[in-house]
Every structure is written in C-alpha cells, then in structure tokens.
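Shared between the two complexes below is chain A, which pairs with chain B and chain C, respectively.
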Partner chain A sequence: MYNINFDVIAQAAPQLIQGIKTTIFISVISSVCAFIIGLVIVFMRTMGGSLLKAIGAIYVEIIRNTPMLIQLYFVYKALPDLGLFLHPIACGIIALSLYTGAYISEVLRSGVNSVTSQQYEAARGLGLNKWQTFRLIIFPQAIRIVIPPLGSQFINLVKNSSLVSFIAVTDLFYFIYKGAVDDFRFFEFFIAGAFVYMTLTGIIAVIFNRIEKMFKLHGREARV
Partner chain B sequence: MTITLENISKTFNNFKALDNINLNFEDGKLTALLGPSGSGKTTLLRIVAGLELPDQKENSKILFNGINVTDNAVGKRQVGFVFQHYALFRHLSVFENVAFGLKVKKSIDRPSKQEIHDQVFELLRMVQLDTMAHRLPSQLSGGQRQRVALARALAIKPKVLLLDEPFGSLDAKVRAELRRWLRKLHDDLHITSIFVTHDQEEALEVSDKIIVMNQGCIEQVGTPNEVFHKPATEFVMQFLGDVNVFHGRIDENQAIYSGNLNYINNISENPNVKLLVRPHDFDVLLKVENEKNVFTAKAHRILTAGAFVKIEFIDKLNRLILVHLSHDNYRKTPVNHGDEVFLCPREHQLYKNKEKKVKEQDNRFVKRPKKRTLIKNFIFKYLKKS
Partner chain C sequence: MKFFRKLIIIFTGILILMSVTTGCAKKEKTDLLKEVKSRGKIIVGVKYDAKPFGFIDQDEKIKGFDVDLCKELAKRILGDENAIEYQQVTSSNRIFAVTSGTVDLIAATTSITPKRAQIINFSSPYYIAGQAIMVPHGSPVKSINDLDGKKIIVVLGSTSEINIRQLFPKAKILGFRTYTDAFSALRNGRGDALTTDDTIIYGFIAENPGYIMLKDRITREPYGIGFKKGQEVESFVETVNFVLQELQEDGTLAMLEDKWLGDLKTVHGEKLAKVKVNENKS
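Moving on to the complex of A and B:
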C-alpha cells in the first residue's frame, strides 16, 4: 500500500517557492506584454488600413493554429540558428506573450465590434482622429464588455506558463516534476502543484472580479 | 451659412440612392428633408455632414458659403450631427459627453477647464438638463438623451446643425414637445439647420422650408404652406396627409367624369386624369339645385371624437371617401349612418394619369455584370490565347 506523506512537500518547499517566484515573474511580465500585443493587434485590425488588417489577421491565425509547444521551441531552438541567442526565461516570456496576445486581441476585437458604428461617426463628427476615437470612445466601452473573458485569458496564461519548464526554465512545474521524480512521490507533488496553480489563478479571478466592479458604470461618482 | 449641393449622386453597390441632386440651403433657416423611408433623405444629410462621400464626378460639388468642402472630412466641416439613436458615449456622464468635443481640441484651440465648465453648463441649462450633469446616458429618458445629443452637437459651435430623424424614436407627446422646443431653439440661435424626417406633420410644423424627396430625387422645394397647398406632384400631395383619389377623364366640353362625379375644368391635353381631394376640402350638402360638381354618397362610419368629425362615405362605385368636417359644419348638416348626401369638392388637384406605371416600380437598380462573370470572361480569354 502506498503511503501518502505530504512531509516531502515541506522538505522541497524552498525549491518550490523559488519556482513559484519564477512562475509569477514570467506570468506578470507576459501578461503585460500579451495585453499590449493584443491592444496593438486589435487597433491594427479595427482602425488600420487593409495592409495592417491583413498583417493582424495573419498573425492571429498563425498563432492560434499552431501548438504553443512548437512556438516555444521555435523561439528557444530555432532563433539561435538565425543568430539570436536569448535566455530561456526571455524565450518563455516571448512565446507566452505572442501566444496569449493573439487570444487577447480576439477577445478585445469582439468587444470593439460590439460598439455600434454610430459611436465612430459621432466621434468623427466631433473632430477626433482614429487614435483618439479608439482610445477615448471605443476602447473604454469595449473593455467593459470583455473583462470576464479577458480574465480567462490571463488564467490560461498562468497555466500555460508551466510549458516553459520544457526549455529548462526552473519554474514551478519544473520543481514539482523534479521533486516528484527524485522522491517517487508523484501523487503528493502533483496535488500540491495543482493546488498552488489554483491559488495563483484564483488570485487573478478575484482581481478581475474587482476590476469588473470598478469599471461598472452604474452608481459611478460624477466627474463634473 | 449657405450650403449648396451641385450634381450630387450616390450609388451603393448597384443601388442608386441619390440621383443628381441640386439644392441650396439658405443661411439661418431650418430646412426639413421629408420623404418615405428609402427616399435618400438620410444619405443626403450624411453627405452634407461628410459621413458619406458622394460619387466621384467632375462636376459634383458641396459648397459651404461658396467654399468647396467636397474633400473635407467631417471634423473639418464644423457640423454638428444629431443621430436618430442619440449615439451618446455610454461610458461618459452627461457633462463629459457635452464637454467631449471641446476637451479633445488641439491645445491651441482648447478653452481652459473653467471655460469648458461654464460653456457646458450654459448649454445644459439651454437644454434644461443642468441638474442632471452627473448622470450617465443610461439613466436618462429618451427625450433627455436626445437633448444631450443636441447639446453635444452644439458644443463645438457648429456652423451647420444636422439632425437625422431627431425625434424618430420618441413617443408622440414628448415628440410634439421637443418639436416646439427645437423651433424655439432655432429661433434663438439661428444656426443653419437641416433635419430629416418621415413625419409630414413634424416637417410642416417646425421647418422654414421643406424638401420633399422620393426615390432619390427631389419632388418639391417650398415653404410648408406651398408644399401643402400647392403640391407640385401627385406624390407630394399623397405624402402630405390623407387624400381621396378619383380616376377620371376629360371630354370635349372640358368636364371631368369620374364615376358619377362630373367636374368642370380647363385642362384638356391628356384625357385621363386623377382628381385628388383632401378630406377637409369637401362640402357636405343635404340637397342641391343642379347636379354639377357633386356626387352622392352614403355615410358609412362617423367618428365624432376628436378635433374634427371624420366621416367615411361610400359612393355608388363602392369607393371609400374620407371627409373631415368641423364640428360647426357637422351641426349644420348632421349626417347619420346610412344617410345619402351630396359631396362637393371645394378644392382639388388634377394630375395627369401616367401612360405607364414606370415610376411606381423602383427602377434605381443599376445593372452591372457580376464579379463572377467578369472573372469567368477573363479566364476564358486567357484559355483561348494559350
């Protein structure tokens, strides 16, 4: 009979905490980059000319239709062939940002498309240029609609960040797997790992609930 | 500011929405574009605003005070546009909505914060919404929203105010109220204004001048009085209120026969005519001396509730005839259900019957070869060569 013993987790705690730090570091930076990429792509696809639109669409389709693992290995293994050597963590961040950015741009695009064309015309009539229209009129309305699905994308990002352990980044998953293999304690380590990931994503869910309430229009104080 | 349109056409895919429009909007006047849906009135307004571009033609021009603005974008034309569905910025308060056009100006032209605040509140007082400056558009009623939209359009001090069915989505009572209010506002501000409507009553009540449109063409331009009392075409007559239509023909004695109605007139080119009579232009007579210019009809339905008495008559040819009588006249000639009386048209309009019903059907679809056919021809050409 297999003896479940969670003490092994306590012994591996210092390593795991180091892994959590790396995972958080990668996730936070990738989140910011992914959101910026998503914004740029959605601006290109909704306000840009036909060339920018095409570039945005091609980018999104390439990223969406290829496995993330290939993208990750491409950045890690194929870019050096072209003479670009990057730290594994940097590779992980780039791949994660590109991957999630594509999804975020799609989420944002659905929000932008839900803003009626009259809002664009009203803005144009008041003398706004494209960038002002997007920044001041379209985006603030679109973002409110897509906050919940946007939260899911960031949660996915944290979970997908476990893939970076494949390119020798010592993140949370790396230490979980290492600990499990070293001690032959798969059950304990994977349960503990799942629990930690759930805590991290749970924090994101709470943050997004807050943001959703913050952005809610009803009962907002007047700015006169 | 005077606005002049020269040879403006607009084609959507293969649909001709506007067909060579030439118009002049006078300075400081409130002009109504009136027409049924699909007549091109909104398209015309959007072209004036610059939200839509007219078809590229050498001689098509839009002039503001004699200056060609055809290639200017909306922002440069200094027009205030009020949309049918308000198009308020939902994430901004009433104050922010109105202030928006001022806040986004380039820093050289932008008034100071205090000036913006004062100007916005002056506008809000004008539209009677200064107590609701902090509310969001979703917390306002339809009429209030439309007034915010108007204040927002006025905030940038436009030289032209364009309103696209401004009261279209409001209920009748609020509509009538806003209508009067708009007229008063215009009398105070004297901004050249154009407003689109399909409601003839609204156009007649509010505007200085009415442009009646139908199927992408202008039917008549005139004051409300002119278009109502001297309609240039049969369409204008039919569109502006109820009409009774009598099909008839003119004989050698220049009398018009239409069923049992014979009527003296002095037109004698085309024997087939239509006689159009408004419901309030009938005299109801209980007896007559000679039977000229009158016909008999039976009262079928009588509605006495309202500002005037509405009576539906049915004549011997089974045509339904609408008659509006003042309560005074109704008391003089009391008609009961089933009574047979004489009807005498006081005023009427005569229109020639068209030979064929060409205009009745929409012939504005321009035929163009399909893309697929074009590509097919292209491929065949190359196959033959090789």
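Moving on to the complex of A and C:
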C-alpha cells in the first residue's frame, strides 16, 4: 500500500544539513543562556532577600506553567506591537532560554537545598560573603548531585527547539515538515527527523555521562 | 485492588468511546459510494482560514465557495444538503487527511498538479485561480520582477511555495502552517510580500484595506476535489465528476463564483481572465 522510498531524504540532504546547523546554533546559544538564567534565578531564590526570592519564584511559576508555544508566539508576534522587532532566530533563542532557564533553576535549586545548612553557616562564619559562599562552597557540592537531571533539561531544550519552526525559522524540523508536505512522504521524513534528533540528543547524553563520571565521589554511588 | 479495577473500567470505557466517536478503523475496502450512502453523510475536509473558499463567519458557521460546493454535492448525491460532516484541513495536512481516510474528499482550494495526482485522485477542475502577490500599500515591490532577493511569505505545502522557489531562487522564503499565521507575519513586517492564490488574497484585502494585490499572475491554478486513490473510490469519483458536470451545465458553478467572488472582483476593478479548463500547466 505505502511504498517506502528513502531516496527523497538523499535529495533533501543539503537542506536538512542546513537545518541541522540552525538547530545546533539555536540549541547551543540557548543552552548557555538558559544555564546562566538558571544560575541567576537559583542564586536569587536561595541567597537573596525576600524580594529577590519572590521575583525568582514568580518567574519560575509563570514560565513553567505556560506552554512554550504561547511564549514563543508572544515574543514573535506581540513584541513587534510593543515596538521591539527581533529576528525570528533571536525570538526563538529568547523563548527557549527563558523556558529552559526556569526548569534548570528548579533542578539547581534541588541540588542547592540538598547541601546541608551547616556548610552555609560555616562559610559565612569564615567571613565569606553570600556570592563567595554560593560560588565556592554551595554550588560545587550542589552541581555534582544534579548532573543527570541537568542533562535531561538540555536534551529537552534540543527537542523543544523544533517549535521555532512555527515562526518560520528554517531549523531541522522546518525542513523535515516541508519535505514531508511537499513530497507527501511523511513516514520517511519523520523517521529521518527522529533519527537526527536522537543523534543530537544522544551526543548530549554521552557528554553528561562523562561529566557525571568526572565528578563522581567514591562511596556515593548507589549499590546494586 | 478495587481502585485498580475502577481505573481499568474507566480506561476501557474511554477507549471504547474514542473508537466509537472517531470511527477510525475503516480498514476493510468497502465501496466508498456505498459507504457514504449507508452512513448518510459525506465527511469533507475544508479550510477554515481561506476566505472566501472556506472560513468561519461571524455567526461561527463554516461558509464559503468550497462549503457550498460540498452542499451541492450532498444534495445531489444523498438528497440532503446538510448531510455533511466538516473537518478542518490546512494546506500542509490536506493530502494526508485524504490518504489516511479521515475524510472522504477534500474541497480545500487544492490545485491539481502532476505530483499530487500521483498520490491522490482529482475530480475535474471546478475553479481556475491564479497565483498572485500581496504587498502592503506603498511597498517597493511593484511587480513580480522586484521580488528577487526579497523575503517572501508562503504557506507550506502549497504550490505557491514551489513555484516561487523556482522563479526566484535568491528570494528568502518564510513558510508558515496557516494563512492566518502567514498574514500576521506580513502585517508585522516579517516579510516583504505574501504569495498565494488570488482567490485567498481577495479575501484578505477585502478585510484589510492597507494591502494591495499585484496585477501579475505567476501561474494558473485549477482547483480540484481530492480523493483517496484506489478501486473502492472510483465510483464515488465518477459520481462527483458527474455532479460537477451538471453544476457546470446548469450554471450553479457560475452562480457560486458570482456569490463568493463577484463582489471582491468588482471592488478591485478587475475581472479574472477566463481560462480554458484543460490548459497545460508548466
């Protein structure tokens, strides 16, 4: 009934490679921005005063309780009406960073909360200021614990980056969808797309497994 | 355990409800015409965002040229013009809606092209449109020759996109899923021009006075009704073709054209050139 023909993928390969480049570009920049946003928010929520804590909490709850597509459309369609006109790729990066940043801050916060409060008190008692305490004492202990869930967040970011195709950014999913609807080859293009995304996220998974091993503490891993 | 039993009962209930309401598993090859008659209604895929062919009016009812055409089909095949179930399709998913069997036919401003004809069956054409360009008033784009190197907005999966890519390889193409998205991108200044069939542009400029359509037409687009390929649909396609012939002869098609497109054409002071139905497309 349906004859599978993967030649169409070979024909579309130059476009797909261009799309992969855009996807990687957006993902890498957004990852860095999202991590920085996550760090700032978690610092505000754990070390800041009550005002900073409230701002951080409001940000996280607004962002993670609304669909990313709405945030993306907001940045792309509503901001020009307010006079801020950004390139579609910039819109995509902003939306992705804000969205993933909220999740990363939650992941980091769970790590920070798992560090005992005596560590904080001791560091403060030694005369370190809040930023030094966070940077030198709390964060290095916290990051070790949250490496696996942090990796998941970056993997999610790469997959969520496919949403930017909705605002006509020519990323990987844009070309997959275009190929599928132009040639009516849904099966081939979506399988190929799934495979490419799997490869991209697989690389992240491998990197994070390496990092996890690097930061491993003896006697801390779960025993079978 | 009681809790789990309840959960299972609810879950199977939902499954049964879903399979009854969606009625998807139509794998057996019964003749489509017989099936439509025994079902008592035709399931049609129409666009909801392509005024004046298929759109949601202010009273929240689906209206348009394609919708009226489907009503005529239902009246002449089943004897009741309301024996229709509408499903929304877009330029990108309409072919798939037909091939997967979720709809019996699509009347969704679908141009007949050789590539599409390999995948789905087409009826004879019921309307001839032309691909045109819409720009904001006072735009530097005065004719289609100014388009090269510009940002052009299209809807993915439409013939417009393929044509424009071949004609202007240097143009940057911004593809969207729906016309609503595409037009809002033009309004926000994301692109320099929007290209699609003139029929749909008529609908946009009627509601948005700040936009004009260029006089040039890039191609002719004969619209056909789309069906699944296969033995079981042949009699249905023949019946529809027969009805279309009838509609052509008794002037219903011309009446529908006048009803939905007459005003728009006179407003903009031009008549669409009548084209022969069997003219070859490049």
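The definition used in the following text is that the second predicted complex is superposed on the first by the 216 of 224 C-alpha atoms of A that agree within 3 Å, B and C clash if a C-alpha of one lies under 4 Å from a C-alpha of the other, contacts with A are read in each partner's own complex, and residues count from 1 in each chain.
We take it that a contact is a pair of C-beta atoms (placed from the backbone, for glycine too) under 8 Å apart; a residue touches a chain by one contact, two chains touch by 3 or more.
Keep in mind the model is a prediction, meaning the values are calculated, not measured.
Participant: When the two structures are overlaid on chain A, which partner does A:K77 contact: first (chain B), second (chain C), both, or neither?
Facilitator: second
Participant: Is A:T116 contacted by the first partner chain B, the second partner chain C, both or neither?
Facilitator: Touch partner of A:T116: chain B, not chain C.
Participant: A:R144 in the overlay: touching chain B, chain C, both, or neither? Say first, second, both or neither.
Facilitator: Only chain B is touched by A:R144; chain C is not.
Participant: In the overlay, answer first, second, both or neither for which of chain B and chain C A:F184 touches.
Facilitator: second
Participant: May I ask you to name which of chain B and chain C touches more residues of chain A?
Facilitator: Counting contacted residues of chain A, the larger count belongs to B.
Participant: For A:G202, using the defined touch cut-off, is the partner it touches chain B, chain C, both, or neither? Pick first, second, both or neither.
Facilitator: It touches nothing on chain B or chain C.
Participant: Which holds for A:P67: it touches chain B only (first), chain C only (second), both, or neither?
Facilitator: neither
Participant: Can you list the residues on chain A that touch chain C in the complex?
Facilitator: Chain A residues touching chain C: 77, 80-81, 85, 88, 166, 168, 174, 177-178, 181-184, 186.
Participant: Give every residue of chain A touching chain B within the complex, in rising order.
Facilitator: Listed in rising order, the residues are 116, 118-119, 121-122, 124-129, 132, 136-137, 140-141, 144, 217-218, 220-224.
Participant: If you look only at chain B, which of its residues touch chain A in the complex?
Facilitator: 49, 51, 73-76, 79-81, 83, 85, 87-91, 93, 95-96, 100-101, 104-105, 117, 133-136, 138, 152-153, 156
Participant: Along chain C, where are the residues that touch chain A in the complex?
Facilitator: Against chain A, chain C makes touches at 91-93, 95-96, 99, 115-116, 119, 153, 156-157, 161-162, 174-177, 181, 184-185, 188-190.
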